[in-house]
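Next, two complexes with chain A in common: one pairs it with chain B, the other with chain C.
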Partner chain A sequence: MGRWLLLFVLGVIAILMVSPLILTVFTSFKPTTELVNPPWAPPVSLTFEHYVRVWTEAGFSRYFFNTLVISAVDAVVMIVIASLAAYAMVFMEFRGKLVLRVLFLIGLMIPVTAIVLPLFQIVRGFGLLNTHLGVIFADLALALSVFVFVFSSYFVGVPKELHEAARIDGATEFQIYRRVVMPIAVPAVVTTALLEFLWSWNDLLLRLLLLTRDEMRTLSVGLLNFQGTMTRDVTGLSSGTVIMAIPVVLLFLFFQRHFVRGMTAGAVK
Partner chain B sequence: MAGVQLINLSKAYGDVEVLHDINLSIADGEFVVFVGPSGCGKSTLLRMIAGLEKVTGGDVMIGEKRANDLSPRQRDIAMVFQSYALYPQMTVAQNMGFSLSLERRSKDEISQKVKEAADALKLGPFLDRKPGQLSGGQRQRVAIGRAIVRNPQVFLLDEPLSNLDAALRSETRVEISELHQRMNTTMIYVTHDQVEAMTMADRIVVLNGGNIEQVGSPMDLYNHPESEFVAGFIGSPKMNFVKGRYAEAVGATTLGVRPEHFAIGQGDDTWEGRVTLVERLGHDTILYVNVPDAGALTVSLDGQHGHQAGDTVHLRPQLEFVHRFNEIGQPIVA
Partner chain C sequence: MFLDPESKWAPRLNLFLFLMPALTIYIVFAIYPTFSVVEYSFTDWDGISPKRNFVGLANYERLFTDKIFWAAFRNTFVWSGVIIVINVGLGLVIAAMLARVWKARLLIQTCIVLPVVISPMAVATIWRWMYQPTGVINQVLEGIGLGGLATPWLGSPGAVLYALALAHSWSTIGLSVVIFLAGLQAVDENLYEAAHVDGANAFQSFRYVTLPALRPVTAVVFILTLTQSFKVFDIVWATTQGGPVRFSEILSTYMYKRGALEKQYGYGSAIGVALLVIVSLATVIYMQIQSKEDR
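Coming up: the complex of A and B.
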């Protein structure tokens, strides 16, 4: 009985969580004539016209490319710098390590919204406004603490003797990092890649602030084009949302196993 | 190959000194075992020789070179860890050849050296396996193989057999001894197991509380312990220590009698006691005997005997083999 009740509760929660997605998918495939039907009614005849319109006329092909470039570079560079920083924090002894640790901790505590204006000024000061590089630097700086923490949690689980054995074998710190530690840190790499990609992909605030020229915009900003003060292009918004969601959903489905392992690393030993 | 010299070596963590003024000279090709109870500093000492722990006082000399400021890679040593420390993502062959690949040796040379070491350690069929697919004994042999391929000046082994079961431990013990005879390289071996120390070492270094208690050949330590601690640590079952009237009778504060140096007999010179437990090992019989004024004693008798728990026995210590200690645990020389 208890099990059925639990399943029922979980089922209700699952339906509540999935319902906006279902609504969006239904709407995106509905011909405009069907929009007068109740919103929850599935499309009677399927159409891809909204997708084509959004992809071509609304500029989503460019937004998609922009978003992909920023997110992919974010993810790759984050893996490299966060893992290097975490490696130093876990495996190396150096002066000022504690101060650095505290700084990373502070980085975890400060919300983006609190520093968005100074960030804007810094990016403008470097002449990186309306460049992808400016957004990438801002993304990396803001999320670095989180991923140093992800990698550190994973690295502390790597036996100290492995690092020592590699030192005895004659490896330099960088060789140990590259050939011994990173190959066994796949779950942390996947977690970082997915999370950073996802955050970068979905972020609106920084892109809205730092990318004001249309040709530089990303998908999240592009979606705002379908929403005016008085009007709302529901089908455009829906198909744009689906286009934006598909890559992320596919990535998660593909790497889910590694992702969970990376997130729980260090939780139990 | 090279010898190792430790000169006034000390190690402190903050204000706490864990090794005090260690002086030791290890000859080229010698097999030396550091032995002592947990926390005595034996692993720390080994790690200082390896370059994994900083020296806070004194010098480590490897060959003719002062090694204090050399990194592990510059010391030309190899180390086998208790936990094997094999790289889990690499195959056996890659693990064994890792150090050579770092030196940018040719692939042919690496595979030839790996094959030689693998053949010597009977690892040939496992070269393509990952460590996770091997048994504990095989993993330990890979760890030893990884050390061999480098042909180092000094081998360091940190409790390499502790994770193996009893049968495998004695088998691997023999293999390591044979390996030393074959390679004739200086080996420094850390263990808390005095049986390993006795069976493998050319010389044993007994450590206690961060000090060297005694250095000598296994039989030296067994026959002529220079302290009560060494007398109790070397030998299995361990030496009996008797205080009170039996010790005073021979002019000592403490009388040390090894279990095998008791005979069962009759007469005024025997100690009467009651057997509390009997262990029958086939080749030996171990009696645990409670003797008034002497306490609980362990007696090892050759061969098989019919004693039962509850029996009364008369023990005669063989006086020519007993050890006499003064109040500070030093031996009394006759």
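Coming up: the complex of A and C.
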């Protein structure tokens, strides 16, 4: 009996947790005439009209594309630079390694919110305001530490003998990195790709500061502005929200195990 | 051969090539601004003019007498407190229940963790809509006979901060649950066995076996929730911008207003430094606990 009660309570919690998302999806498909019905009533006749309207007229197609470009570039470049740096930190001997380790540790402590004012000035100084490149550099810098540590923790597990053997066989450092070490760190690559893509996709603050021209904007800023000007457009807002959520929800459902492992990796060891 | 491993210079060149991409970006766009924000905080810069004057501690003196800063400071702590109570307390309870269930466990876990990946901006839109005076929250309250509690949540001075904290907790509690679950799986099964033999009921074994075993994990979730909730900007900015009046103003939104919108770079930076100090302290404690764990 206890088991069933437990299952029942958990079931209720699970339904409460997803219901805000389900209600939003319901609303996004409702014809305007059905808005008088309570939010938990499913749409009687489905309409895609709000999606079409938001996608074409409100510019969400462009926001979507901008967000996709920034997030994908972030993820790919992060994998490369974080793994290279982690390789140097783990396999190479050099002076100042401890200083460098502390420097990377500092990165784990810096809250983005606290340093956005000077960050804005630096991006402006490079002439990168209103460019995707400016946002990408900022994203990479602010999350780099996390992923250097993610890769390091995998690299440390590579058997020293394997590494030495490759070196004796005359392989260059880059060949060892490419052929020996990276294939072992595939889980770290997946974790990095997923988390960096997700963080980049979801961020508002940096994009709000660095992208002010409409054609450069991302979904987060686009949705914020849409909300500001079309406050009462419940159906439009719902479909905009769904458009923003769909890609990451799908990624999560496909790679749930990796997400969960990535999110807990830093926290529990 | 440019990268000939036999060459005397190869190790240095390699080191340079491996570290330089990451290090350049990192120093220019993360480390340098961290020092800059401290430097700005001692000036009267407006963010635009080429000239900035050194004003010593003037911005910090102003901080201490600024009623709005202290309101934001207080709100930030209340905000974090509420989120910690929910994410740590309820998170632990949900994880403990989930650990005892096999049927439908993955499905339930998926539902609880799913909101974690939703953008704070989307979370803001969803909850703003649900919190409307005629929104679904008030409709449900009326439906179950608690219509007296209905209020315009985001417009109510007494409720707004708690309402937003609840929305934030909704979107982050999945992370706590997952971390607690990982911790629970590491608890020695034999301890439960022994407790069962000694005649302990479910509550007692939770109280005397699970809780002590989870103390380090609880500390981790506690500090993690604390640092993450201190950094929040998006969801508050996208719903109330700190309003009504200042009732949901937190440090990050106040800094954004003074610094980015009003162009008081010096003063905004002083607020940023306050935020930096608090989060760094919490993170240092967090890493200390973790390194103790590793040993």
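To be clear about the criterion, the second predicted complex is superposed on the first by the 245 of 269 C-alpha atoms of A that agree within 3 Å, B and C clash if a C-alpha of one lies under 4 Å from a C-alpha of the other, contacts with A are read in each partner's own complex, and residues count from 1 in each chain.
We adopt the following convention: contacts are C-beta pairs under 8 Å (C-beta built on N, C-alpha and C of every residue); 3 or more make two chains touch, one makes a residue touch a chain.
Here the structure is a predicted model, which is why all the values come from computation and not from measurement.
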Query: So if we stack both complexes on chain A, do chain B and chain C clash, or do they fit?
result: fit
Query: What is the contact status of A:Pro183 with respect to chain B (first) and chain C (second): first, second, both, or neither?
result: first
Message: Which partner chains sit in contact with A:Pro159 here, chain B, chain C, both or neither? Use first/second/both/neither.
response: first
- prompt: Taking the superposition as given, does A:Phe48 touch the first partner, chain B, the second, chain C, both, or neither?
  reply: neither
Task: Kindly classify A:Phe8 by the partners it touches after superposition: chain B alone (first), chain C alone (second), both, or neither?
output: neither
Message: Quick check for you: in the superposed arrangement, does A:Ile168 touch first (chain B), second (chain C), both or neither?
response: first
Message: Just to be sure I read the superposition right, which of the two partners does A:Leu119 touch: chain B = first, chain C = second, or both, or neither?
response: second
Task: Once the structures are superposed on A, label A:Phe254 by its partner contacts, choosing first (chain B), second (chain C), both or neither.
output: neither
- request: May I ask you to name which of chain B and chain C touches more residues of chain A?
  value: C
Task: Applying the touch criterion given at the start, work out whether A:Gln227 contacts chain B, chain C, both or neither, answering first, second, both or neither.
output: second
- line: Distance floor for C-alpha atoms, chain B against chain C, superposed on A, in Å, equals 6
Query: Same chain A residues contacting chain B and chain C, which ones?
result: 167, 170-172
Statement: In the complex, the residues of chain B that touch chain A are 50-52, 71-73, 77-79, 81-83, 85-89, 98-99, 102-103, 146, 150
- prompt: Which of the residues in chain A come into contact with chain C in the complex?
  reply: 2-3, 6-7, 9-11, 13-15, 17-18, 20-21, 23-24, 27, 38-40, 80-82, 84-85, 87-88, 92, 94, 100, 103-123, 137-138, 140-142, 144-145, 148, 167, 170-174, 177, 198, 201-205, 208-209, 219-220, 223-224, 227, 234, 237-238, 240-241, 244-245, 248-249, 251-253, 256, 259-260, 263-264, 267-269
Statement: In the complex, the residues of chain C that touch chain A are 3, 5, 10-11, 14-15, 17-19, 21-23, 25-26, 28-34, 36-37, 40, 47, 94, 97-98, 100-101, 103-104, 107-108, 110-122, 124-130, 135-136, 139, 170, 174-175, 178-179, 182-183, 202, 217, 220-221, 224, 227, 230-234, 237-238, 251-252, 255-256, 259-260, 265, 268-269, 272-273, 275-276, 279-280, 283-284, 287, 290, 293-294
- line: Per the touch rule above, chain A residues touching chain B in the complex are 159, 161-162, 164-172, 175, 179-180, 183-184
